[in-house]
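You will see subunit A twice below: alongside subunit B first, and alongside subunit C after that.
Our next item is the complex of A and B:
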């Protein structure tokens, strides 16, 4: 019996769930570590858990533990849920470390996601929670062939359409390999029969002509587009542009921007919540009413054989000091914060907490009077890459082709000297840098800019950095210790995962932590 | 003064329009033949134009001519606007040539676009009309790395994730070319300095390891994904899958499906109207109230020195024969229809009308109880390609990640023997073929199918085929004659464009035709 016939039989007789289980076993379904909603079986008998931090890890833990029968409470520094799951909208205010306060003046419906902003299709857990909690998603356009690649030293500083660089690079590669193949350079590695198919494939993929050349003509135009597009009626024939030569392509280094088109983390189809990433944190919070205490700044975490006591300042109550207690603790604070808090855990866990630096990241949102990138330049979503300090300009993945204003992500600088230089600046100066850099790619900046907002993550009071940065070495030495249950405390968050800096890592970390904690609690009776 | 400084100056002093014009002249903006809304200057002094066909070409002509002051009327065979711009929704009925009647039983909100279903970013004219007429667009996901490539003879008939075939093919190509480069096979064609950069680029693009090999490991996983994805907490390290070998890749021929990822016509970002492609035709019709006469089947078109007379059957009036007259005529009927109508045009135009065959295309929509392709297989939009008669399965680009039902495009067969075989079948048999084929890719078909609908374009009464199929030879011989103004008649439609089978071709053809007609009319005074 063939594998597929078996599946058809299973589907017809046993229904969808059995079919899916069979598909997974037979290798048809994705091998995600997430296997759908968890079930924590067994009665916790009134046990209580205090959770620190109402980010996605903390709220996942609270939601699932409450469903399993635990008494849960969350202490949260901010006055909103979500943590780094955060959307800044018009009317919001934000004060960074150093005291600079910004009021967001964006128009209604426009926003900046300072933290996470996109969800890969293979982040099964967050997609499942969005489905269960009714968070509407829309495609996030990561890959846009009509956006730009730009480098100050390449092509006289003139931005190049990604599609032209991509088509011309792939065409040149295909032509070179076809030439090498026909010269016999592959004879040792590839059979003659396979070489024939390879040549056919190179021609098809690379836009080569019948003589395996990549040159101006219909074959290349199928990929790179035209100098003048085809039209209608008389005088409508298209004209072809001249491909960029290999030497210019290589020395421009613009090909560095092309790998984003293929990376697993950025492949189609990606998503964003309609209305901003913060919609996810808000949806989680609605599932756990009255569980979150906002404005609670944790200053100490102490455990003994009987329970956990957490000391915190009530920021709403003028800084009065309070204590909350529970049987167990899930600490979902960033390590950058936790490492500054008095916590009595084992030496190996403490060493792990102190071992992970946090990334320096700066994002700047810019509101413009009109969506000139769409109207003038036919760039609908996606990202332009540059070697300027802003590194990226990302175009909004919503409100396509409509009149009116829009907000660009005018800079997204991850790590490196530029991120530290920007962090050292005032928000107003960061916005000025974003405008000066962006105008080199979009001259319309000069006449269309209205207002901006900038977030430098090392100045964000509740996290002091964007995400934990592991190395192979720190992971080998510390990761296991970080994830162990230490007495009555277990950690959760993107830092306690193999998917750092992604929301999926935070959720999977929390699910793993509470699953183990639950077993420990049942076993400790 | 640098080009860019000039633009900044223009933008700051003269505003957006001047900036855009300057950008275009300096080569920054796209070279589309569409230059924004047309203006037909000069008073038509009461001249009348009869337009045949309320598809996008006919309605574009009517809208723009009416704006310019002409008296316009449209005769339309169907009881709805749009022509091939058509969405079938639950409750609709459709009777094809041969008499088979189908009632669409799709749930509310679900639909099939039997004709056009996607809009490229570089189709400037239709995007502009959507903007002006308030048609909301959403991304159409054409390229989905997690959809399948499938061939009955490849990999035991087991569908392969596009991302794996794509990453492994590109990795193998990069490895081969790196090997050839290092052996000196490129020494004649590429300088040593450029070879060094080329190797760096091949490693970055191809997911090669430090020794320029494409093999199971972190570098390949960055592109092809994992056997087991990274997770959170303990035991969360990912595991890598084994890449598919070059011989298997080549002989599978699945690489044929990859070129869609790069073609200009299918590149990101594509669009569809929210609610179905038919929203565009409906929006055009709202702009020209009382202009369209529905249920009018044109049977003869006669012109003389004074005007044009069109004979038509009033299908609503039991087939009574009527005549409509005007000073001029824009005929936007498909050539497949027009070639069967008595029309007194010049011999060269008549020859052109008769010279263009129409494509045989079959589309089948299938409603399923749940969106198993998303829930079970993480396929969000995009297209799976197969060598089975259905050729494609396209997943809906709306309602992502939500519970509930969904409609797949369960088959889209363009040309070739399969399209004729399917056309010869009853709609019920076409649906059965779609189910049988589709179940080889998605075994869930067996348990989840509810209802389907199928359109074979050679049986569509109002067009008798999908779109005009030009060859280089017929275009050389006939295209110019087809597009000429013949006395008082000019033709319009996708067939009178260099963008056949696309709505953009229909609109650009109409704009070109009426621009020339208007000049002729003013000059004829």
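Our next item is the complex of A and C:
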């Protein structure tokens, strides 16, 4: 039986999970450690687990432990589930550290995902939970050939279509390589027969003409498009544009932007939940009714031989201090928070908790009265990249080609001086920067802008930062210690994963933590 | 020169051709925007406003949510130059190593600023040479 037939047979008889596991063993689909829903076998005999934080890590732990028969409760600082999995919609208010309050004035149905916004196809765990919990997904457009690459010093500051930069860059390289090949420069490295195939490939992939040149003509136009698109009727013939020369391409540095579409994490297909990323956190919370206590700010975690006691402030009850106890604890708080909480774990684990700074990131959402990027510029979804402080403009991946308003991600600044400088500004000033910078790419900003909202992650009261920033050195020193079960406490969250700053990391970390904890609990009897 | 200038220039276009939809948002932002991987602000006051104030707040009073940014105002801990150098160059828990994006002069300036403002009075003692020595000792590069 051939391998594919075997797989079809397994798929037909044993369902998708078995099929998936078999595929993995046979060497297909080896890219993610997620192997389908976990089963925690064995009776926990009424053992209780207190979980700290109702982010995706904490709620994954609660859901799976409850299914396995544990008594679970979650303490959560916010008044909503999800943590960083969060969508700001019209009508929401958000108050950042420092006290600036913003009311989101977006129209009905429009939103900003201030944190997570896209899911790669190879993040199997979060995709599986979306499937199980009924979260509808739609494509997230990462690469749109008609969006822009822009740099203030390149081409007089005029934005360039990704399509043209990509086609011209690849075409110019193909032409160079073909020239070198035909001059015999590769004779030592490549056999004559292979050179023939190489030339054929360069012509096909690079848009070269019959003489292996990349120049204005039908072959190049197949890739870079036209100066005037083909039409119908009289005078309908297309006209070809002049490719950008290699020197201009190289010195513009715009080629740097192309890797945003090639990297594994950003390859198509990417997804987003219909209606905002926050739909995932909401769906998790529906699966664990009455488990989450909101408005509970954890301030101390103490364990002894018998159990774990967690001290928290009841923010709804005027800050009264309470204590909750359980046999075990899954602590799914960000390290930026946990490092300030009194917790009696081993010295190596405490050192690990203290070792990870959090990235500085700012996002700004802008509502415009008209989808001018679609109407005027034929940009349907995707991202324009720029060297301006806003770094990117992302066009909505939904509601295409409809009349009416739309919200752009008008800035997404990750790390470096600009992220701190924007964080230090008032929300109004961040929006102003997003408008000033964005107008250099889309002059329509000036007349179409209505209202905006901005989130600087170091000012977010419930995380004090975007995500854990590991280095090779801190991982080597601390990661193993961070992930140990310390007495009755185990940590979970994106920081306890090799996929930091992705929701997949939070979920995989929780699944691994509770699987080990469960084994430990059964063995401790 | 920070990017503010270029964005500021553009603002003129926004003002003359556009509706004042941004409401009060008509003057350029007070905080400049650096162009590279290093902070371009010079002087303790500007560095504090552009970098530290985002977390510790403009009046250095700190901020509190699920955890806190400590107040630097009337804070005896800033009396130790060694401690501050270590903090700025290596980071500490929730405080990122922002000094890695500053020159020795900038770090000395912002340290001296904090140590002599907000109710702190710990002399103008820190020199760029002191910071450079600390940096070499910690094996961190600008």
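Convention: the second predicted complex is superposed on the first by the 500 of 525 C-alpha atoms of A that agree within 3 Å, B and C clash if a C-alpha of one lies under 4 Å from a C-alpha of the other, contacts with A are read in each partner's own complex, and residues count from 1 in each chain.
As a convention for this text, contacts are C-beta pairs under 8 Å (C-beta built on N, C-alpha and C of every residue); 3 or more make two chains touch, one makes a residue touch a chain.
This is a predicted model, so every value here is computed, not measured.
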Exercise for review: Kindly classify A:269 by the partners it touches after superposition: subunit B alone (first), subunit C alone (second), both, or neither?
Suggested key: first
Practice item. Have a look at where A:447 lands relative to subunit B and subunit C in the superposition and call it first, second, both or neither. Key: both
Practice item. Return first, second, both or neither, reflecting whether A:439 touches subunit B, subunit C, both chains, or no partner chain. Key: both
Check your understanding: If you stack the two complexes on chain A, which partner ends up touching A:199: first (subunit B), second (subunit C), both, or neither?
Key -> neither
Practice item. Using the touch definition from the top, say if A:341 reaches subunit B (first), subunit C (second), both or neither. Key: second
Review point. Intersection of subunit A residues contacting subunit B with those contacting subunit C?
Key: 439-440, 443, 445-447
**Study point:** Interfacial residue positions of subunit C with respect to subunit A in the complex
**Key:** 3, 6-8, 10-11, 13-14, 17-19, 21-25, 28-34, 36-40, 49-55, 57, 63-69, 91-98, 101
**Study point:** Complex contact set, residues of subunit A against subunit C
**Key:** 77, 97-99, 152, 297, 333, 335-337, 339-341, 354, 357-358, 360, 388-389, 416-418, 420-425, 428-433, 435-437, 439-440, 443, 445-447, 449-450, 456, 458-465, 469
